[in-house]
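Chains: A, B, C and D, in written order; residue numbering restarts at 1 for each.
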Amino acid sequence: MRADLIALLPELMLATLAMAVLLAGLASGKARHGLLGAGAVLALAATGVTLWLAAGATDPGAHFFSGMFVLDHFAIFFKALFLLTAALVVLLSHDYLKRNDYRPGEYLALVMFATVGMMTMASGVNLAVIYVGLELMALSTYILAGYFRREVKSHEAAAKYFVLGAMSSGILLYGLSLIYGATGTLDLATLARVLASAKPGPSALVGVALLACGFLFKVAAVPFHVWTPDVYEGAPTPITAFMSVGPKAAAFAMFLRVFIGGLAPLAASWIWLVGVAAALTMIWGNVAALTQDNVKRMLAYSSIAHAGYALVGLVAGGPAGVNSVLFYMLVYTVTNIGAFGFVILLESRGYAGETVADYAGLARRHPAAAFGMLLFMLSLGGIPPTAGFMGKLYLFAAAVNAGYVWLVVVAVLMSAVSLYYYLRIVLQMYLREGDGAEPATLVAAPWTERVIWACGVAVLVIGLLPAPFLAAARAMAGAVGLL
Amino acid sequence: MLDLLWLVPALPLAGALALLAGALRFGKRTTTAIGVGSAGLTLAAVAAILVQYAGMHGETVARHVFNWISAGDVTVDFALRLDPLSAVMLSFVTLVGFVIHVYSIGYMHTEGDRAYARFFAYLNLFMFAMLTLVLGANLVVMFIGWEGVGLCSYLLIGFYFDKEYCAAAGIKAFVVNRIGDFGFLLAIFWAFKVFGTVDFAGMATALAADPGRYAAAVTPIALLLFVGAIGKSAQLPLYVWLPDAMAGPTPVSALIHAATMVTAGVYMVVRCNFIYRLSPTAMLVVAAVGGVTAIFAATIGLAQNDIKKVLAYSTVSQLGYMFLAAGAGAFAGGIFHVFTHAFFKACLFLGAGSVIHACSGEQDMRRMGGLAKKIPVTYWTFMVATLALCGIPPFAGFFSKDEILGRVFAAGAGNLNGFGASYLVLWALGLAAAFLTAFYMFRAVYMTFHGEFRGTPEQWHHVHESPGTMTWPLKILAAGSALVGLLGVGTAITFGTDLNWFESFLHRVAPTVEVEHAPALATEWVLILLSVAVALAGILLARRFYSGAEAFAAPQRMAERAPAVYAAVANKYYVDEAYDRAVVRPLGKLARFSWKGIDTIAIDGTLNASAFFTEIAGDLLRFLQTGNVRNYALFVLCGALAAAAWLLL
Amino acid sequence: MTWFLVHFAEIVFYSLAAVALAGAVGVIAFRSPVHAALSLLGTFLAVAGVFVLMQAEFLAAVQVLVYAGGVMVLFLFVIMLVKARDIPDEPQYVRRLVPAAVGLGALLAALVGVGIWAASGGLPADGAALRMVAGAPLGNTEAVGWSLYRDYLLPFEVVSIVLLVAMIGAIVMGRKESGRGGAA
Amino acid sequence: MISTAHVLVLSLALFTLGVVGMAVRRNFITVLMCVELILNAANLNFIAFSRQLGDLTGQVFAVFVITIAAAEAAIGLGIIVALVRLKQTVNLDQVNVMEG
């Protein structure tokens, strides 16, 4: 029991501190943005330290809570990534909440609870644990999407996200029930054993199909991506940033753990399903992004496309494939948070920051921030020497080595197409002058700027010196498997 | 000194970072000191390195800067490689680069402080990327430089951002290049899969050890690499971006779009010659694309009136020559032409810049004429470079072009890889292109410098020679155009004595593919005389058409007699229009379809029930991204259905 | 009579299934939300009955208490609160959408049905296993309870946080927004 | 004797009705009820399999599902209340400011 609690300590700690932030928020009224924000960041940092300590004190191969929970390198990597994401999002939210005058207490607590759910998903090796973690994450995110209650769009985002999310998790659950019926277990290791020992019946296959639907929904892959543009556009921008990286990365963690781990014996059946979904996702996301004038929406389609790239790594499978997905998640997280940070800076009077035209001439007025945005766009487009290039290189190399050349051809072609819309923003910033009486300017938001700086430096550092980060992503593929 | 190899790319990078860190707030003097100073220091460092390297008999020096990617079976070092090939590239890239930096001081002095600083920051950044490309010891490092030069090119083409077409040209350059990069990237992946490494030395060793094992992979890798080269070096069918790229400032055209970046494709093919020489098919494709591009671009050059456009098509055509050489196995010959071409084409562009500068920004040759009297330095340097380009002995272009045509002929006569006839045809194309080159270049010379001035009197009044910072670079480059050819004097010219220092220097890394029956000395001499005669014929024809009292009358008559041909040539064979029809518009339609058709239209009853089936089809599209939750739900339902069907059936 | 006794379970099951299905159809078919909610209640209760037949007495109780007792009251409460009335569908719209959805749904059902049918062999095991903890026979409630607190402690804890989040969510969403800057 | 297949057919019917209902109904409250139908269908499966396998896991999992369903309903109804405050409607078809 003691070992169990030590392994769970980061989650326990974060949940407790989230409640503390919640209570502090209720007690202090709405004005204490700085205090609560600092508290949340400190709580996340403390959880990070706890994670480090807990990782040191537990055996990465051991199972806890009746074999439902592990703290292997895979889980540690993702948990650290989630904590980083949450901390950056809290910092991004600070100025934004203050400017728009919304209460920070519940908001921050919900971000932290969602993070607890994500962490649980990364550690779960039992479908029950993964499912409840998923629901914790999803329910928190539904509320966060609708947190800006004076905005029609925010409501709409919450409503759409909720309806479709509930539907997809219902489908997922139904699939889960069929898998349980066919194999008699929810434990991933047992599942793999049972599926490997006997030829699985059609009901297991249907279960896997429905499960895949639920998972593909969470990573926003075609054809389950429909909710993404509307929800990303409508949600408060820091939450959009959060959704586009955190829950997506968590969904990938669960996808890898369940499909590469537990459902590995059925790979022959699902690999083509996921491969085709990956190809469709890359094509659809990129082509639809081409004509978007709303930047948040464009980034939403872009994030759909990026899920497609990451799925390529999942299809590649094997240690190299899994590593590449992990590394890509890291790269994508810092890049996308930075890009959304820039959108937040520009989003001052309701209209600005929404359309591509608002970016005109920003490089002249705000050279530093614009340079950051240039880096993020290049990274998303996969141009060296940015992190995005390294991520894609590694991902595609894994897929080519695994023999999925056709998928890589689609991916490389589509990332060439994607440059067109990323460069549109760069072009606007660097090569055009803002016309109109009042050119858009950036609002003063010191913490958001710091986040952009940090992300910009990270994008460059990971791009130029990827070795230690790749090594971190690779550590999990050593002796310990996914189960 | 060789341990300081990393300094070579690092110095210009430091310059660029310093300029960016100053947030472009420096005055012109500081900017010049940093921007030109870093280029000068780079040149000095390269000179020191090359002096030391000269005594090393062409050994390969590899320096690992740091371990870059290392994960599982993937290891890529950030490593630099100095060998005869990269040494040659280094020498002219830094020299021409420095000279053009100096030239830019004068050329850009009318810009504001910030634009001036921005320009030098980009120029330094370009030098960094180009040197990384040249020095990279593996395909990935080379690709980093490759993308970097593309990015800088994009930024510099769009430098005058107040001009709409400049920005559009920048985007065009970038996007067309991406198509090429797509091939390069796939080649890297493929090479990685096949060889387990992308290190040049490693791949060469693997191939040398067991060529049979890789036989199946060699041709696709070579062809994919060549797709990258086609994009970067503006060959058919991806050459369209280069003429548009002339929208950038003239020093940029000289440095990036004539002397250095565009030759990166040739460099890459030669760098990977150990792959190409094993694939006769790829060799022939390279030669054919090069030969056809050489003649194709030369014909377009005949009818251009913008002085920079003439030079741009000439560059495309000359790049074709270089690929023709590489495809015929004359790798050193191709690089030799890269080398000489850098001098005379940079000189021509800078001369054109000087002309444009003198004529207050005018670029149309129809409104020039008689400038020789007023800007003599520009005229004489331009003349030297033109003669070099036309292949008139003893100027540099003569030796390199002659080497190429001789080698291609030898490949044809010696039946290289069994494709003898094809090589002979390509040789004939090359010869014809040499004629055309001489013609359109002297057309430009006559239209610009001879006859009567055709602009306004006011413009004529303003015509003045450029300042020293601009004429000195011209003189240096003209001297280079006159002399560097002596480094690679062909054996036939010296009656069999091997004085071809250039080829023997490169022999270790890029040996020429020898054919069994080399042509006799007499044959070679006939070829040499033939190519000179052809060039002279072109010059004389241009003189007849474009100088004296009868100037312009003959071409006018020709245009009247064969209007369709003339229109086709003048309009660059309508290639841009065809691209627009075939690629740009359908893509736009596709995008609009996925946006409006698939994504936008709300169900607002606009549909009239004209036909049941149109209604169903329209509805299905409307279901897709209507903003309506129920339709999204239906989408999810369809997806689930498809997934279940997929796994079950 | 004997037939009745022998097939008692089947008869009960079919009746419950009929009620459950009728309720489900009612949810979709009824225009009035109140009617829909009441027919959903029927489904909940019938499903609880099936649980009993499946020897999951504890689950049946939870189903009745949580669903029929809690969730349903919540539904009715909100229906009253927002005065939700029937929203008439535009007829031409329904005509186009409904067949598509029903058709696709039927296809999905057929597919999944085929999958399940082919797999659902085997007679049910002895229900006794569902009343055992560590080899000792207990009631179903006790067995589930043991399992919940011993083996499934972790998800149990996480679910408790889910409930907390739901509470926060309901408060955040339901709270009246009193103009700009005003909250709670 | 009621076989597992009996229950599976019932659950499949409920599942399908729920999924189809989500696609055809535009009253948010009804849509929420359809979610409950889907979750109930899944629970029926878990219970039936639990009996067939003689394994308690299914039953325990069903407890979690019921709890989460309640939480989901609470949040969904919260969103409905907020939506009605802002737009005076529970009609999902009117929730379409954003599209494309």
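Note that in this section a contact is a pair of C-beta atoms (placed from the backbone, for glycine too) under 8 Å apart; a residue touches a chain by one contact, two chains touch by 3 or more.
Owing to the predicted nature of the structure, the values given are computational and were not obtained by experimental measurement.
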Touching both subunit C and subunit D: give me those chains, sorted by label. A, B
Name, by label, each chain that touches both members of the pair subunit A and subunit D. B, C
When the contacting C-beta pairs are counted for A-B and for B-C, which pair yields the higher total? A-B
Cα centroid separation, subunit A vs subunit B, in Å, comes to 41
Separation of the C-alpha centres, subunit B versus subunit C, in whole Å, is 68
Counting only Cα atoms for the centres, state how far subunit B is from subunit D in Å. 62
Indicate the whole-number Å distance between the mean C-alpha point of subunit A and the mean C-alpha point of subunit C. 31
Multi-chain contact residues (two or more partners), subunit B: 595, 599, 625, 627, 629-631, 633-634, 637-638, 640, 644, 648
Going through subunit C residue by residue, note those that touch at least 2 other chains and give them in order. 97, 101, 104-105, 108, 111-112, 114-116, 120, 151-152, 155, 159, 162, 165-166, 169, 171-173, 177
Of all residues in subunit A, which are in touch with two or more distinct other chains? 128, 131-132, 135, 139, 142-143, 146, 149, 158-160, 163, 167, 171, 178, 181, 202, 205-206, 210, 229-230, 292
Connecting every touching chain pair, does the picture come out as line, ring, star, complete or other? complete
In the complex, the residues of subunit B that touch subunit C are 603, 605, 609, 615-616, 619, 623, 630, 634, 637-638, 640-641, 644-645, 648
In their shared complex, at which residues does subunit C touch subunit A? 111-112, 114-116, 118-120, 150-155, 158-159, 161-162, 164-166, 168-169, 171-173, 175, 177, 180-181, 183-184
In the complex, subunit B touches subunit D at residues 595-596, 599-600, 602, 625-631, 633-634, 637, 640
The residues of subunit C that touch subunit B in their complex are 90, 92-93, 96-97, 100-101, 104-105, 107-108, 111-112, 114-115
Which subunit A residues qualify as touching subunit B in the complex? 159-160, 163-164, 167-168, 171, 202, 205-206, 208-210, 212-213, 216-217, 223-224, 226-227, 229-230, 269-270, 272-273, 276, 284, 287-288, 290-292, 319-320, 323, 327, 367-368, 371, 378, 383-385, 389-390, 393-394, 396-397, 400-401, 405, 408-409, 412-413, 416, 419-420, 423, 427, 430-433, 465-467, 470-471, 473-474, 477
